[in-house]
Amino acid sequence: MIIVMQIGATEEQIQLVAETIRARGCEPLILPGQDRTAIGVPASLNNDQRLSLEAVLSAMDGVSKVTQTSHPYKLASREFHRTDSVVQVKNVVIGGGEFVVMGGPCSVESYEQFSLAAKIVKDSGATILRGGAFKPRTSPYSFQGLAEEGLKILKAVGDETGLVTISEVMSGDMVPLVSEYVDILQIGARSMQNFPLLIEAGKSGKPVFLKRGPAAQIDDFLLAAEYVLNQGNPHVILCERGIIPLDRTYTRNTLDLAAVPVLKEHTHLPVIVDPSHGTGVAKYVNPMAKAALVVGADGIMVEMHPDPKSALSDGSQALTPEQFTKMMTELRQLGEAIGRPLA
Amino acid sequence: MIIVMQIGATEEQIQLVAETIRARGCEPLILPGQDRTAIGVPASLNNDQRLSLEAVLSAMDGVSKVTQTSHPYKLASREFHRTDSVVQVKNVVIGGGEFVVMGGPCSVESYEQFSLAAKIVKDSGATILRGGAFKPRTSPYSFQGLAEEGLKILKAVGDETGLVTISEVMSGDMVPLVSEYVDILQIGARSMQNFPLLIEAGKSGKPVFLKRGPAAQIDDFLLAAEYVLNQGNPHVILCERGIIPLDRTYTRNTLDLAAVPVLKEHTHLPVIVDPSHGTGVAKYVNPMAKAALVVGADGIMVEMHPDPKSALSDGSQALTPEQFTKMMTELRQLGEAIGRPLA
Amino acid sequence: MIIVMQIGATEEQIQLVAETIRARGCEPLILPGQDRTAIGVPASLNNDQRLSLEAVLSAMDGVSKVTQTSHPYKLASREFHRTDSVVQVKNVVIGGGEFVVMGGPCSVESYEQFSLAAKIVKDSGATILRGGAFKPRTSPYSFQGLAEEGLKILKAVGDETGLVTISEVMSGDMVPLVSEYVDILQIGARSMQNFPLLIEAGKSGKPVFLKRGPAAQIDDFLLAAEYVLNQGNPHVILCERGIIPLDRTYTRNTLDLAAVPVLKEHTHLPVIVDPSHGTGVAKYVNPMAKAALVVGADGIMVEMHPDPKSALSDGSQALTPEQFTKMMTELRQLGEAIGRPLA
Amino acid sequence: MIIVMQIGATEEQIQLVAETIRARGCEPLILPGQDRTAIGVPASLNNDQRLSLEAVLSAMDGVSKVTQTSHPYKLASREFHRTDSVVQVKNVVIGGGEFVVMGGPCSVESYEQFSLAAKIVKDSGATILRGGAFKPRTSPYSFQGLAEEGLKILKAVGDETGLVTISEVMSGDMVPLVSEYVDILQIGARSMQNFPLLIEAGKSGKPVFLKRGPAAQIDDFLLAAEYVLNQGNPHVILCERGIIPLDRTYTRNTLDLAAVPVLKEHTHLPVIVDPSHGTGVAKYVNPMAKAALVVGADGIMVEMHPDPKSALSDGSQALTPEQFTKMMTELRQLGEAIGRPLA
């Protein structure tokens, strides 16, 4: 931590800052400058101590600015874990170099709809099957999902097809139930800072697919992952799914693709891109899926519905089976061309 | 709902849209224009039907844009409930014309700290006492609150002082526990779209203090309130607490004060402003609290700590007792001058 | 400037950074920490040297982060100019403690419209008359203003009423022309970083009213002011006019009122608030104008049109004469109550 | 245009709206709904009339919402110009299917620096040479460019190498001067709404390279293009260069890659991506350049400096010659694999 004093800060104010730091058991390094003084705090405090000290120092007279020099996350950081983490779920390896595709409808609507979707996913060569049973909906009047009935369908279809399954869990107390039925627990964008849920997902030991909140900065995202990791669960997969847009006219979110190389640099966790929510518009999914591949993502999650026009949720962003299959073919060709084969 | 067709949309495409609307039991109104056709859908669908139809139509060939003409919220809307809602908690009336002040520390840290804070709150003339027992913290390494122990202190101090109490609940399964100890359930900004929590808070029948999420649009905020109202619980209080900032250099959030008259126009629910989180900086709290009063808010929530420099959380935005008392005096004078007395 | 090295940065990388700093004539201060090293650069470089050095160091191997410890602006900074600057234009003093109101229509449309507006402004007790002659419009098909004809009307009406006048100038080469006719040069939000214009406005020596760009951070805003000040023109007035909104449904911009105390702390220049553009909606102007007064602004700029429904531009945010007069009356009462009389 | 009335709007209010529309020479279509009335306005007004009418209607009693059903731009719209526009400059074709690379340093610093850069650009197979002579800089203390001296170097090096040249012009009065020396006029992001500049660039008839403003919505961007087109100059090239970021910690802007397919759908103009400003970080340029290619951009603009560590501006985002050449090789391979050869 570096404390920069105001121009004209008195010697007394500087000494008071120094003593406040010493009271926490650190020896401050005082750097007099031409028109202001800076004070360094060695990195021997834990995170909580640092943040608490920062708050105290920020409020002291004569202090202009306090800057943290460490990243606030540790377990998620590549600085302490140089090699890529790999999350293996049954026979699917995420983060191991191959490009993984997760496909399926927004919601599980019925056994017929979902098994048809699964067949298309499997035939196209994708390996993970998505489908929502508990749906977080902005309006209480929108379709809320089939709940446990949906999970049962999900499990049955997963077993029949051999596809790995993923579905969203919306609260900590539901983690045991959802864990019984699905292979990967999804934590949605609106739940990224649902801390009781993150802790329970961590405790479960199940693979956790964590979506970035629409207004979350990268550090906040990695700290959310840290909540799961900190429970002893290393099986965390990150997902960029679009941030709040500057312009809501043509897309629902702004897909932040540069977040992929940023995350790859700062964390060892696998990174997936969701171009369906990232744009909110079916016709933009294919090009953005390809972009995800070339910028180095470990895979994509894409919504596909056997009949988008009859979908009970998010129909405007779901691919048709034909569009999904076409995208898979093009991704396979592109992956081969650049040495990133599809899983 | 209005569907605007693309220029050059074919008659066939227009008829297909019309039939899709008829299939939902509505008679479309077709408006041919100079270079494109618009199609109106009468407002006889419920919200879920409308949103589902919108998704379907958006994806149809020849459609340029689908616009909803109704607000998506009903119970929260002033269009259906013209008079101001008032939430009474013990002897404190929120939304009845008087300006209500909620004060206290970010976290309950100990009986000593909290009862000292409560005494200052009470002596200054404020009527509601805040204090966090379960703390949502961005980092797992930050102080997480005293949990039930904190609630016990909160209740004891509330009983001793006669102040109404408010504290945050972070998940649906904790609603019964927190309800036992506090008068008003606070739902934090990061939980604004924690739908299981909203539903449980609604079922509890307790007064619910709902903070706007940092990236929430007004309609999303009112739909979150709708989740609570929809459970038959009319005791909802809204809180503007700052939205994600353009500039993080000098404030933590951007306090959106115009949201107060916007909300007052579109909903009948009481609106509180939180200038502490809204700015994140103690010295800006007093002017923004006054601004909240003059723009028509029903009250404020302000963080005050007996000794901010030793606070375990959010020390940089907490007022000192002296600052809090000074703010109360100035608010009282201002309120008298403009005919908005403090509660 | 503080350079924080990566964990595991080699001694060689640290020495290379130190040498790069020495090559610019500064002696680096090396602070070894527990798991990473920080390096301080004394504040003896000018701004350009600092920014150039920052870019170079940021790109060096082993460097994690470079933090500037000085504000990038000097002439605008309160650190070097402790007392409030006052801009006097004829008999009107801006920044001297009184609350100044600038009123008038978005555009000068005709002598009749404008002299009628001026009469209402004057009768209400406001002292500065606004009106656009050159209009920056998002669409080339919108009304672009009366150009020099508008300036002539503006000057004539200003002379007749004795009101101080202000109007926008859109390019550097127009500064001499506009300066002939008006008392204060307005630089619009979209021109905040039109550097040739800022330089010419600086050279003119005329009072400059500089609006914050809708996406401008505070430092960028003050650096734009610095361009004017740097030409030897100290007569700069800042204006907060709303930043890009999170939600465009109910307001056109988000009025960032906390920017007023932030600016007042960091610069000595007067600060005006424009609640008309800040909200874009006539009915929200009055409450936000009052809020501007209580948070410490030096005045407001408000759009008023004799007949908003016939306005050629921005009719939806203009007050009617009755609304304007009512606002003035209420501001006068509020100003007296809090010791901030209207100019 | 569609006007949605409030619930409970009176018959009188509805008739007043209808009359206001009729007074502009249009026949309103009144659509009574279950709980509110909508009113359609046929698309026979020009843009200015529509926007003026919208403002008037928005402010009328009983009106809930006014929605425009037409795009505000015409000349830029694909609805009126179905085939892709191609801009040919000497032997380089932009928008014709091949992927065009524009490379070179942020600033022209000297003949030596610039001719060395040009040689690397040419040897790598890129066809357009960029370099700034007039630099828009946030701080008045930063390097402002070599001005006309820089243009002379640019022209000399362009002539020697046969590369097409592009450089920024910052104000309308400088258009003739810059036009003498360069092949393509660049209008920078901060000048996107410098309307006098857009008009002069339009009048010049030169190819215009228009960068999207960092806070510009798509419609505003296309309306800025419309200013140029409207002067009879069809040679407009659009450039996505990053929008204001949610998170400034790791990138300088957020590159909005989905804007490429959005623009390609709604306009016939060529679209270029600038991953250098779009991320602000050299190491992210290569992956984002590839992403630009796969999402369908017509080319990229990339900053490369013979020695980034000595650059007078933007050193942290400039590629080294080795990085630039490597990027070109990889883009060529990728382009061949997907049928989009480099120009």
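By written order: A, B, C and D. Residues from 1 in each chain.
The rule we apply is simple: contacts are C-beta pairs under 8 Å (C-beta built on N, C-alpha and C of every residue); 3 or more make two chains touch, one makes a residue touch a chain.
Everything numeric in this text was worked out from a predicted model, so none of it was measured.
K.L.:
Contact counts by the stated rule: is the higher one at B-D or A-D?
P.N.:
A-D
K.L.:
Could you report, rounded to a multiple of 5°, the rotation needed to superpose chain B's C-alpha atoms on chain C?
P.N.:
Value: 180 degrees, nearest 5.
K.L.:
From the centre of chain D, which chain's CA centre is farthest?
P.N.:
B
K.L.:
Taking each chain's centre as the mean position of its Cα atoms, how many Å separate chain A from chain D?
P.N.:
31
K.L.:
Express in whole angstrom the distance between the two chain centres, defined as the mean CA positions of chain B and chain D.
P.N.:
Here chain B and chain D have centroids separated by 38 Å.
K.L.:
Please output the residue numbers of chain B that touch at least 2 other chains, ranges allowed.
P.N.:
Residues 215, 244, 246.
K.L.:
Quick one: which bits of chain A touch chain B in the complex? Just the residue numbers, please.
P.N.:
Answer in residue numbers: 20, 46-48, 51-52, 54-56, 58-60, 72-73, 136-143, 170-174, 190-191, 193-197, 213-215, 220, 223, 226-227, 230, 244, 282, 308-316.
K.L.:
Could you please specify the touching residues of chain A with respect to chain C in the complex?
P.N.:
It comes out as residues 2, 4, 6-8, 29, 31, 33-36, 38, 40, 42-44, 64-65, 67, 69-70, 79-80, 244, 246, 248.
K.L.:
Of all residues in chain B, which touch chain C in the complex?
P.N.:
Residues in contact with chain C: 215, 217-219, 243-244, 246-247, 249-251, 254-258, 260-262, 265-266, 278-279, 283-284, 287-288, 290-291, 293-296, 333-334, 337-338.
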